[in-house]
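In order of appearance the chains are A, B, C, D and E, and numbering begins at 1 in each one.
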Amino acid sequence: MSGERAASRGGRDAAALRARLRVRRRDFDVDVAFEVAPGETLAVMGRSGAGKSTILQVLAGLVSLKEGEITVDGRVIDRSSGPRVRTPPMSRGIVLLGQDARLFPHLSARENVAFGPRGSGVAASLARSAADDWLARVGLPDAGDRRPSELSGGERQRVAVARALAAEPRVVLLDEPLVALDPVTASEIRTMLGERLAGVTTVAVTHDAVDAAALADRLMIIEQGRVTQSGPVRKVLAAPATDVAARIAGLERLVGIASDGGWLGGEARLRTTDAASLALARTDGVPLAAVFRAADVRLTLPRARLAATADNVWRATVTHLVPTPTGVRALTDTGAAEIAAAQAATLAPGTEVVLRLAPDLVRFVPVA
Amino acid sequence: MSGERAASRGGRDAAALRARLRVRRRDFDVDVAFEVAPGETLAVMGRSGAGKSTILQVLAGLVSLKEGEITVDGRVIDRSSGPRVRTPPMSRGIVLLGQDARLFPHLSARENVAFGPRGSGVAASLARSAADDWLARVGLPDAGDRRPSELSGGERQRVAVARALAAEPRVVLLDEPLVALDPVTASEIRTMLGERLAGVTTVAVTHDAVDAAALADRLMIIEQGRVTQSGPVRKVLAAPATDVAARIAGLERLVGIASDGGWLGGEARLRTTDAASLALARTDGVPLAAVFRAADVRLTLPRARLAATADNVWRATVTHLVPTPTGVRALTDTGAAEIAAAQAATLAPGTEVVLRLAPDLVRFVPVA
Amino acid sequence: MTDGRGGYIPRSLVVPAAVGLVFLLVPLTALVARVEWATLWQDVTSETSRAALALSLGTGAVATAVCALVGVPLAIVIARSTPRTAALLRALVTVPLVLPPMVGGVALLYLFGRSGWFGALGLPFTTPAVVLAQVFVALPFLVLAVEGSLRSTGVGYERTAAALGASRLTILRRITLPLAAPGIVAGIVLCFARAIGEFGATALFAGNRPGVTQTMPLAIYTAFNGAGVSQGTAVALSLLLLVTAVAVLLLVRGWRPGAAR
Amino acid sequence: MTDGRGGYIPRSLVVPAAVGLVFLLVPLTALVARVEWATLWQDVTSETSRAALALSLGTGAVATAVCALVGVPLAIVIARSTPRTAALLRALVTVPLVLPPMVGGVALLYLFGRSGWFGALGLPFTTPAVVLAQVFVALPFLVLAVEGSLRSTGVGYERTAAALGASRLTILRRITLPLAAPGIVAGIVLCFARAIGEFGATALFAGNRPGVTQTMPLAIYTAFNGAGVSQGTAVALSLLLLVTAVAVLLLVRGWRPGAAR
Amino acid sequence: AAPAPSEDASAGSGVSGTVEVYAAASLQRSFDEIAAAFEEDNPDVQVTAVYDGSSTLATQIGEGAPADVFASADEKNMAKVADRAPDPQVFAGNTLVIVVPAGNPGAVDDLADLAGVTTVLCAPEVPCGAASATLLSNAGVAVTLASAEQNVTAVLTKVAAEEADAGLVYATDVVGRDDVEAIVPDGAADVVNRYPIAALADARNPEAAAAFVDFVLSARGQEILSAAGFRAP
């Protein structure tokens, strides 16, 4: 695999990919800096329109840098100042799987996958049999002869994944590689990608924390064109610094302040048993966020006299009730709770409820 | 909203949409029959290539029926035999949001959204201001003047959703409406769709059980062009009849037989406390599937002497370890378990482990 | 997703492209070299030349409009027919292209002449006859160019529009035509240029009446055949035609900039 | 995602389309009505006609090949230039289109003639001169048709290919050209048809020497202009040219069916 | 320099090779016959004839066309190539006739009738047009033109198509045609168009060129021309 090649070439620079980039898209600008170590996978997550695809397009050379520098294995491939450098996409050693699959409509699935290798001089028959292997790996062993117009959406996406990987790049950029796939297929492709990307320097945009956790070493959260948090995937997901990061991690996040070794937000007061969290709450008054899973929250209707100041118990007003596969998610003005469908029947938007959260199920994280 | 119109017109027929269709795509054929009640939302799920989009395309009139009949509000819009009927797409009163967003590249986002209403004779200024409202509803209040090429992937998807709904159809078909959206945006759009689709007869293809639960009344599982299960969403997700349905529901599913009031599969034997499950296990020897959540399974390394036949405890061999946002998912030859990252470090593919599952966390379902 | 003009073409393509361009332009410089500057102004502003230029532009514009009105529909029908039908229709449209225009003029004369099937119309020797001759020779160019472009854009967006409930007319007006705009513009340019340069069919069918049917090409030919020793007038008129036509085309292109995508 | 031919066009479009087609074809029937059947076979198989037909097909094919070789690159360069450059280049390419072919012939003669800049080449009045004249008049058609089509297909796939590491040449060969295939075929058809029907420039620049430069249109012209004979021969030759050209075009279209998408 | 016409020029003069004759389109029929007769007399010679408008031919000869002999339909075009054809000789003359469609639907009898019917003439710029203008002004007839045609063929075509009731063309143009009728008007003999011929100075085959010119001027040549309706020079 090319990943080994990439790693061995990266002698001069600890990072295989190093980017500091600013670009402007109409009235929106992206300004980020990051590095990816040789063989490492960096996941990029963030809201729609945050600038994720823009970053990949700049790396791939499809959008030009307004300011900054990009190096691959120590070689500058793009630089806005000094001796200006602008390596065209095909000479960067970087392959991009774009957000649109954009399979070549006039080529069969096999020819699409073989396109990269054939372009780099691999013999036609060899490239074609390699393409067949790739198609088998993405679960489409019989689709070789079909045109993109004869494939389903998920099949097209998989062919596009195969096409990008078959090009054996030094650096691969994946923009939502598992989009449009059902859970079964997605998990198969995720496993395949996990194996195939080992050793290949990768930047992957995804909207699914499961993908990020399964595929990436590090996670970078982008908001409005800026990096708001980055670090090892599990760490970021466990301690989301922003609301977006928390939502991505599937966690509830309430912002308050440290108070008396606990967390205080409006009427609600939370205590925790987590050592790291306790350390953060030591100084009264510092802004602090409490994070927890909605599934861990117990929801009840308020009984006659509730001690309004009891720790880890607070009043809230239901805003939305969203059915989920196993029950109902009750969204309130302060945090959400997963409840059974039967219980949800007694609630409606506006209902006053009491939420409870065990101290071992809540953690505190600093506010960015 | 048009949904009310639809409901009032559907007098002659209890179902707003009734379809019995067979179509052939190359060497694949789809053969399904279903109905959607006025104002109801039917979710369609299934593996990639199962035929979901094909079904929507046939309903929309983009692909022609090989055999069967489709009626909307009692009016036959497509029929393969007898007096042959083939209503063109624009006269069906059905709007399709296809799997490709396919925004019109030469029109601005606003003009794209206004396309449907303007086509049906709404005055330009009215259609345009309605389009602006729709853009605001999908979280893009300022994107009206932009061309599709100036939008991010998720923004394009949202404009496409707005465009489909703005057409105010009697029946709306949505092919993966929430694809390419981050969790935050997806939940906003899901809420919006939930409100807007109330009363509109809808068929929605999705890959996410969360979407199905939030938006749909009923769920239909398609496998290889056939309906393998259908019913109220929560019911189908709770009692998946096939492996695919189970994976979609996020459940583990092991097939075995009823034996002695419990479930027997190879060495493993499971008992349950669930009444409905117990009823199913009454007759020894009937095929039976055990379903449970991987998160509920406890995994340990085998201690010296394990009673091989203990109920709800079984031996298994690890096949894959997949990092997840909160830990690791250990896949074994018989079921999966969610474990902590620390514990996963002691495992590798091939390790023998013991799995445990409390009787109140397992249910039995019939095998299709 | 576009950045600047985009597209990646081998730089070496510039070589044959330049050869092509030079080959088209150098003969014109040879023409300019023969201009008799002394009489240029007089030749260009003569009554004959002004009348002929006005007639050329007028008939050329009308002929182009007629071609667009019938040619674009024809191109759409061909592009959206089954492959067999399309091949046949395309071949039929190509026929008049192959015919030397002079023969086309004879055919038109046989058809619309006093003894012809449509003799009652009294068309020959009138300005409408010039338009007719121009349409006859220029229409195939428009049809074939537009058809090629329609075929490249495909039917995907039309289907999407249909799935949104748009009527066929709306689809045509708001989707098909705008998306095929670059091809239609190319076709119209070809058509106008061909119409305005038309000589053979016009000469035979419409004749050569100054002010009525004498278009620029006929005036040029007349000047060329004149027994005068030098061909200065013909060259001068050619340049006038050329400059005017290019100016018109640049203006028309200016109207609808960019085009779709 | 296509089902059959797809596309939704107003049925009423068929009316103008039919009008266009009929207008192109009826004059030809008028021509056929004038055929002198008695001498048809003799006219068509005469030495002159056979030599002219062979010359026409040969030079037409060579000219089309030359046009494709320089015209497609030129079209690509124009399609992928900035809007300003493209507008200028397009206007330059259009110039020879507007010129009455006869004037084009004069220009070529001035350039390559005895007293011209390239007089030393000795080109005029030879078979290569026929090819040159045909290229001069036909090239713009090819360039403009192909350019329109390239513009419709856009650069999206080229960028995707570049992001997969394909070289510019690979992109050209495997993406740009195949995707523009319908336009290129349309352009080549236009070009071949125009070349084979070319008369004015050839008559002046290459002359009318039987077997050497007398192509079908010139043979038709000669038959037509010969004093004292009826025009039966000219009509017969026209029909021969027409049938042959259409046959050739149908064959060529047959080679590459469907085209992309 | 062309040798003076001699009686025995027609007898095999020992010339050989090819001779390329550029001749006005109106000479096509007679020159085809003359060429055949000349080849018969000189078996080693091959005549290639190129026919087109005199103006076109003159331009081509001016630019080095490989012509050996140039036969023009008028003297002005011959004058254009004076440097290559220093010594032209008039070999034939042509006069105008009124041409009417078969059956003469316009009942045209003489020039005066042209004023009352649809008439097409050659454009005044081209030789036949100039001659027509002279003829008409000599006769004092003012004609409203339906069209000023580019050449004789265009006039003939329109008359044959009954598009026009009458036109003026050369006598030779109507010989052998059954779809039109010719009427010789009064005064036609006063307006004679002269056809000059010359062997070109730089002819590749000067002997054969000279021999061909001689042959055209010989009794044999003149006989053929006269059969085609030309007048003696």
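Quick notes
Methods note: a contact is a pair of C-beta atoms (placed from the backbone, for glycine too) under 8 Å apart; a residue touches a chain by one contact, two chains touch by 3 or more.
Owing to the predicted nature of the structure, the values given are computational and were not obtained by experimental measurement.
Chains touching both subunit A and subunit D: B, C. If you take subunit A and subunit E together, the chains in touch with both are C, D. Counting C-beta pairs in contact, the chain pair with the highest total is C-D. For subunit B, the chain with the farthest CA centroid is E. Between the Cα centres of subunit C and subunit D there is a gap of 14 Å.
Centroid to centroid, with C-alpha atoms defining each point, subunit B and subunit D lie 55 Å apart.
Each chain gets one centre point, the mean of its Cα atoms, and the points for subunit A and subunit B are 22 Å apart.
Centre-to-centre spacing of subunit C and subunit E amounts to 36 Å, using the average Cα coordinate of each chain. Multi-chain contact residues of subunit E (touching two or more other chains): 59, 151, 157.
Shown for subunit B are the residues that touch two or more other chains, namely 62, 88-90, 98, 100. Within subunit D, contacts with two or more other chains are made by residues 1-2, 6, 8, 106, 110, 116, 156, 159, 161-162, 167-168, 171, 179, 224, 231, 260-261.
All chain pairs that count as touching, in label order, are A-B, A-C, A-D, B-C, B-D, C-D, C-E, D-E. Only residues 1, 3-4, 6, 8 of subunit C touch subunit A when the two sit together in their complex.
Taken in their complex, subunit C has these residues touching subunit E: 106, 109-110, 113-116, 124-125, 203-204, 206-210, 213-214, 218, 221-229, 231.
Looking at the complex, you find that subunit E touches subunit C at residues 53, 55, 59, 74, 76-77, 79-80, 120, 123, 125-127, 130, 145-151, 154, 157-158, 161-163. On the subunit A side of its complex with subunit D, the touching residues are 60-62, 88-90, 93-96, 98, 100, 102, 104-107, 115-116, 118-120, 149, 163-164, 167, 169. Against subunit B, in their complex, subunit A makes its touches with residues 25-26, 45-50, 52-54, 99-100, 139, 146, 150-155, 158, 175-176, 179-187, 190-191, 194, 207, 209-210, 212-214, 233-234, 237-238, 244, 247-250, 320, 322-326, 341.
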